[in-house]
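The following block contains the structure, expressed as structure tokens.
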Amino acid sequence: MSAPFVQVSAISRSYAMRSGMFGRSTVVHAVDGVSLSIPKGETLGLVGESGSGKSTTGRIVLGFEPSDSGEVRFDGKPMAPLGTAAWRAQRARMQMIFQDPLGALDRRLPVAAQIREPLDIHDLGMPAEREDRVRELLRAVELTPAHGARYPGALSGGQRQRIVLARALATKPDFLVCDEPVSALDVSIQAQVVNLLADLQAELSLTLLFISHDLRVVRQISNVVAVMYLGRIVEIGSADDLFARPEHPYTQALVSASPAPGRRSAGRIVLAGDPPNPAARPQGCTFHPRCPRAIARCASEVPALSSIGGNRQVACHLVTGAETRDAA
Amino acid sequence: MGHFFAIRLGRAALTIVLVVTFAFVVLRLSGDPALMILGPEAPPEVLAAFRKAWSLDDPIWAQYFDYFGAIAKGELGRSMRDGRPAIELVLERIPATLALTLPAFFFKVALGIPAGIYAALHRGSGIDRAVMMTAVAGFTVPSFVLALVLVLVFAVQLGWLPSGGQESWRHAILPIATLGLGGAAVLARFTRSAMLEVLGQPYIRTASAKGVSWRQVVTSHALPNAAIPTVTILGFMVGTLIAGAVVVESVFAWPGVGRLLVVAVANRDLAVVQCILLLVAMTMVTSNLVVDFLYGFLDPRLRAKGAHA
Amino acid sequence: MTDATLKDAKAFSSEVDSGSRKRNASKLESSLRRRISLAAIPVSVALAITWIIAMLLIAAFAEKIAPYGFTQLDLRNRLAAPGNAAHWLGTDELGRDVLSRLLVSIRISLLIAFGATAISALVGTTLGFLAAHFRGAIEQLVLMLTDFQASMPFLIMALAVLAFFGNSLPLLIALMGLFGWERYARIARGLAISANAQGYAAAVRQLGAAPSRIYLRHILPNIASTLIVSTTLVFPEVILMESGLSFLGLGVQPPMTSLGNMVGYGREYLTRAPWIMLAPATTIVVTTLAVSVIGDWLRDRLDPTLQ
């Protein structure tokens, strides 16, 4: 296989957060040494709870936020520095789909004008062609030109997300980062939008980074899935394989909590302890305070992400190669 | 805690630096400072001595620092009208101004704050509406119009009070009333909205729900919290004691700092104008500083947010 | 000085409210079209709007509708009382027609107030956007200047500038244009920062848009209603400030006339001819009242968190 289209190497991001009245600052490691690679035309699903650093990862991958260390290479080249003209020009090739489509749209402009905006920004095509392109895009996301004349407030949530999608596709980008693109939508609409996204991806050979806390949706669209917990990737593997046989105790808990046809909820693993707080990250394996199988070593030593065969990698002291395959 | 006060002090110093810079820039932009300060009739040797003393032949940045030095030593130039040091002229006017602004200040506080509190506690009542209407009038009627109307009624029509001058205490009544009425309206409106804001807070509802008597809710919860913003506005009012009566002093021919300023501006007596400008800046900065410290005392939470802009 | 303290009071309360205003702004912007319908306008606001329209028409056509030239003398009719057929509002001690002078004064005062408000809005919004865009040192500089402007009494600064530079109409407009800019700067900065942090501005930036497009095409229309409400706070204060300066004889210079000039001039004849001063004084009071009434109403409609 050729070099991956999007190559993320050991990116990290921490913030200084001031707390309390004496201005003590704590360092929050939002993302800690995350590496990912996405081949052209494929989808990587990034899963985790809120606070896991998945959104920050998405923003760094897109060059929307700098990384403290490591680098992101896009189509073989490093990302242009944030805010420069080169960075702006690069936006034509990579786009973002936001969680809140209403927040991502300007309420004072008709949506057609907003779909057209990337074409104006990057000066693509003659003005008359741009109008045609807008109509074409509206059709592509299964809306009509009549929808284009409306304001965001006059559209439904699903329609707004289609508009955001149409705007993102206007410049014919190669790479899309979708950050919780359907979690604000009704369940019935979610499937429609995800299907539309999958169709468009096949048609336009888009490369996707799909961020979500919802395993069902991720499973539906991803080739490879990475699971994040408190800034680190704890498990990564092919979507079907990972969901069928989760190895990391955290992945197991997530999968068991997600409803699936033909599986009874009796085997559900309920996690104890507090939800993850990036401002107070535990020592050692960050998951150990909530882990049902934690051993002494977990509290002191950070487990490395290591391959256990196939393209599966797990970061857990209890999972090493074939030996623990049975234990699951 | 020292952090909070250090930031405030630094900011106060910065404001002074900005005012001095403002005076310096405006002075230099307006022409030859020697001619400006000393006047066109000054003899050449005096002009030369002034240029030497103020280093006007030095590079501009050196002049800028020298200007600070001169001001620090109190060398603020001489009035071009009677040749006396500007600082003397200004200082001797201060008592007259304070004779108006201090009683007016107490008048404002005694009338405005109780009216505002009463209006807030009886929201929607006749008195509330009367207070609000007066407050709006206090904003829309400029002080010179109010002053003239008072003169028209009490001096011209009724003949009870003199219309101008400084001969007796009766001469001070109308200027004080003008200053006090306008200020009381502002203060009443401000106190009312501060009280209403506090009364709408959840902790007030909690306290009443716990069965604390309404009188106690007001005196021990609402008033202390509403005092915080009110102290700020009072601080601004203290800051304007020196120069807050420019218009009123002019209307009533009251020989205070404000009237001196108006005459100095009309005559382009720059040394005097510059001196008053700096004096006002000092007063404002000092009172703002006192307010900030009081604030830190009244509301410890703010000390933590000291860096907030 | 009532005007100065009021300005400070407002500056302070707008700072207190800035937090909640930021949150509410975007929600409120969109309600502009929906909320304003003719049926909902109260009588007081309708009267205020009528008055302002009348003032604007007078300002536009002052010379055409004035019965006399505003400097034209009528020495046989000096200090004529109002109500006579030749001079509805009477004459001054040189026999100049008070009505004609009033109309021309309205034009000059409104010209200054509009010019100054426009400059102040432009300067303040630009500085606020620059602060929001660059953050860091530039933001600190802008904040320092806004603090400085808010803490110094404007009248004193204005008098100092007039003393140093002398007086002319363009200078007076420019000087008044420095009044109130700090309010726009604070609002524009706060709203632009919150828009940049999330939502539509971030989305457009992500599309690759240059800052000029983000600020002018997206953020500005979205915060316009809040800025317009601020304008209704600054505008009456500019009228009061200009009339105060002119009253002191330090603003608009004769033979030109403005509302404050007329009051200052009428003061000399307070006992013999109070109408010279009452007509312009009433105009000042009613105009500032009208703008405040409209402003209060707009604020309740668009942005209840602004003080």
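Just so it is clear, A, B and C label the chains in written order, and each chain counts residues from 1 on its own.
Rule of thumb we're sticking to: contacts are C-beta pairs under 8 Å (C-beta built on N, C-alpha and C of every residue); 3 or more make two chains touch, one makes a residue touch a chain.
All of these numbers come straight from a predicted model, not from anything done at the bench.
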Per CA centroids, the chain at the heart of the structure shown is C
The chain pair joined by the most C-beta contacts is B-C
Expressed in whole Å, how far the mean CA point of subunit A lies from that of subunit B is 57
Separation of the C-alpha centres, subunit A versus subunit C, in whole Å, is 50
Distance in whole angstrom between the CA centres of subunit B and subunit C is 22
Check: subunit B positions touching at least 2 other chains come out as none
Subunit C contacts subunit B in the complex at 1-6, 8-9, 12-13, 16, 140, 143-145, 147-148, 151-153, 155-157, 159-166, 236, 240, 243-244, 247-250, 260, 263-264, 267, 270-271, 274, 277, 281, 284-285, 288-289, 292, 307
As the complex stands, subunit A meets subunit C at residues 62, 64, 87-92, 95-96, 98, 100, 103-109, 117-118, 121-122, 153, 164, 167
Interface with subunit A, subunit C side, in the complex: residues 26, 29-30, 198-200, 202-204, 206-210, 213, 218, 221-222
Subunit C partner, complex, touching residues on subunit B are 11, 14-15, 18-19, 22-23, 26-27, 29-30, 36, 136, 138-145, 148-149, 151-152, 156, 163, 179, 182-183, 185-186, 189-190, 193, 229, 232-233, 236-237, 239-240, 243-248, 250-251, 261-262, 264-266, 268-270, 273-274, 276-277, 280-281, 284-285, 288, 309
